[in-house]
Amino acid sequence: MYEFDWSSIPGALPFLAKGMLVSLEIMVAAVVIGIVWGTLLAMMRLSSIKPLSWFAAGYVNTFRAIPLVMVLLWFFLIVPHLLEQLLGVPRGTDMRLGSAIAGFALFEAAYYSEIIRAGIQSVSKGQMAAASALGMNYWQSMRLVVLPQAFRNMVPLLLTQGIILFQDTSLVYVSALADFFGTASKVGDRDGRLVEMLLFAGAVYFVLCFSASQLVRFYQKRLKTA
Amino acid sequence: MHSNRIALAALVASTLLSAPAFAQESATLKKIKEIGAITLGHRESSIPFSYYDDKQQVIGYSQEIMLKVVDAVKAELNLSKLDVKMMPVTSANRIPLIQNGSVDIECGSTTNNTERQKQVGFSNTIFVIGTKLMAKKNSGINDFPDLAGKNVVTTAGTTSERLLRKMNEDKKMGMSVISAKDHGESFLTLETGRAVAFMMDDALLYGETAKAKRPADWSVVGKAQSMEAYGCMLRKDDAGFKKVVDKAIAGLMTSGEAEKIYNKWFMNPIPPKGLNLNMPLSDEMRALFKSPNDKAFD
Amino acid sequence: MAYNWNWEVFLQPSATGSGTYFDWMVYGFKTTIGLSLTAWLIALLLGALVGVLRTVPNKLLSGIAAAYVEVFRNIPLLVQLFLWYFVLPELLPTELGNAFKQSNPFVQQFLSSMLCLGLFTSARVAEQVRSGIESLPRGQKNAGLAIGFTLPQTYRYVLLPMAFRLVVPPLTSEFLNIFKNSAVCSTIGLLELAAQGRQLVDYTAQPYESFIAVTLAYVVINVTVMVLMRRVEARVRVPGFIGGK
């Protein structure tokens, strides 16, 4: 049987904590950018201006057809080169974190926009009609009437997507960025204790994601009874 | 067609050489000066060349040489302050990262060969190795022919990977070749019994034993399949930057400083477990220290 | 842009002497398809079972099913994959672990990936099946029991035939996901599509061509699956129900 040796974990905690910060940083940045960009995409998709709606549909469908790993590799290996060629961005700035965030945000925006589109559509047409009867223009009625209600309904879904995103941040492994999982596997590699480190990482992810999803569920229940 | 291209290249080269003002102009140096920072590529588990100690600091033979090169760059550009950024690379992504400008220079365990010279530039050689095998003592694996029909691991993106796959095709040996992400993972594959042998650069194989649970269990065997020269990787066609780097490395070697660094990493106990690799200076290395050069072996 | 486009790179013989680089792509493509389909089979069977168990009155059974779903949903796929590939063989009895580790590496990588993807996806399938069953009017179950069916019979003849037809549309997106998620398996060295793409970058130094080709291949898979599933969805649609249009 395998002899467990957990002794390398306590010493590695500071590095693991640092890695967790990187993971959280990516998640928060990607969620914020993803929701903003996703909302714009959803509004474009529902817009009556055809080219806008085509663009949004094309964007969403393309990103939903490609594996996240491929998107991250594109952003890690190819996009920096492209930016440099096209925009003259100075070389050598460490773009790993930036490119990871950009990759996640652009990718997740496609998923967020679908959630938000469904949310907007779930607000009844009468609300929009009532708003324009009050003399509001399109943007006013979107901003003051439709979106607030839509977001209220969508919060649980958006949060759940956030939890999925947090799990997905482990994929920055492919770009050698030291997030929580990357750090755990590196320390495990270094000390020849990969088995223990992987089990530990799995447990940490489980505890975090499970508690978060319970909170979302609790919130959802309150929303329903309210 | 081919000879035409060579003639053209020669013509271009001669015009470049005859215009030293151009040779000095280096995109990399210019950039380093502009932003006041340089990005170094390093490895995470190339023991004893470039790897993490238990405080996640990068250490090793190549790392020390690279830091000396950074000093030289700083002096060349008359900078009072130079930010040094570290970026970990793997065998599989180091070339794209140099090409796309993420990394300015990488000193780790990268072989300089003619095929790679089409994609990136190389500095003066910093180390010479032979590609061999590591296997468990008493496992009956003593040389490459013993590997027929067995699982063999090597690291993805290395010259060993190509040699091994080619040998497998050419000699119909029926090996199953596992390509692991990094040397640490390759060794793990060997140590956990997934493979009977690990093909890699001999110095790295000795390095891997330094972190084995039982170092005495492992031995490095087999006839070297190739001699290889490690160089620092730079962007291609950046003569100005290469000149500065080459000069710094040559200086280390002829002044005897390089041998001191060598002894520190190959003849003395090293982290993480304080093992001494006991790898005396080879004839090839001695020759290199005497007359530094940037020649590839193939 | 200073880049030498060279699409002919795919026709060149590969550096290791085994066919052309295009053959590498084909090999990766086949691996991705084979892996995804076998994993999908596991996901469907297990997912249906666990989803049904979540709705049964027996507290123990539904509890186990709920725990199963939570475990596989709350650990990142990559971590699960590493647990299957690196950790599990160490925890098996030594004999069995060694036998597994000394088998053909492709078989090891494929089996680990298949189990990992299959179980990971089965938790999601289970959730869809459960919500499909729960979306049925309560009267259906009661009616089944009232005419003298046992609980298993009620499931077999009344609830499941309806529920399975209702969950086809949401399952389509899980089916699409499994192809995309299979790209994660490149991290343990399985030479599927994404891994071959990365190898091509390394061997040919033509990153754009390699990445574009691999990305297009995923888009092709995605579109094909979508078209096929549309036809399936049209055939199983339940008129008058949500999604029945």
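Observations on the model:
Each chain gets a letter, A, B and C, in the order it is written, and its residues are counted from 1.
Here is the rule we go by: a contact is a pair of C-beta atoms (placed from the backbone, for glycine too) under 8 Å apart; a residue touches a chain by one contact, two chains touch by 3 or more.
Predicted model only: the values in this text are computed from it and were never measured.
More C-beta pairs in contact connect the chains of A-C than those of the other pair, out of B-C and A-C. Distance between Cα centroids is largest for the pairing of chain A with B. Note on chain placement: the centre of chain A and the centre of chain B lie 37 Å apart, centres being C-alpha means. Chain centres here are Cα averages; for chain B and chain C they lie 39 Å apart. Averaged C-alpha coordinates put the centre of chain A at 21 Å from the centre of chain C. The set of chain A residues touching two or more other chains comprises 77-78, 194. Annotation for chain B: residues 96, 99, 188 touch two or more other chains. Across the assembly, chain C contributes 86, 90, 187, 198, 201, 207 as residues in contact with two or more other chains. Across the complex, chain B is touched by residues 15-18, 86, 89-90, 98, 101-102, 104-106, 108, 187, 189, 198-199, 201-202, 205, 207 of chain C. For chain B in complex with chain C, the touching residues are 92, 95-96, 99, 118-119, 151, 156-157, 162, 165-166, 169-170, 176-181, 188, 192-195. By the touch rule above, chain A contacts chain B in their complex via residues 11, 15, 76-78, 80-81, 84, 90-96, 176, 178, 186, 189-192, 194. The residues of chain B lying in touch with chain A in their complex are 27-28, 31-32, 34-35, 37-39, 44-45, 51-52, 54, 56, 85, 87-90, 93, 96-97, 99-104, 182, 184-185, 188, 191, 211-213, 272.
Of all the residues in chain A, the ones that touch chain C in their complex are 1-2, 62, 64-70, 73-74, 77-78, 85-86, 163, 167-168, 170-171, 173-174, 181, 185, 194-195, 198-199, 201-202, 205-206, 209-210, 213.
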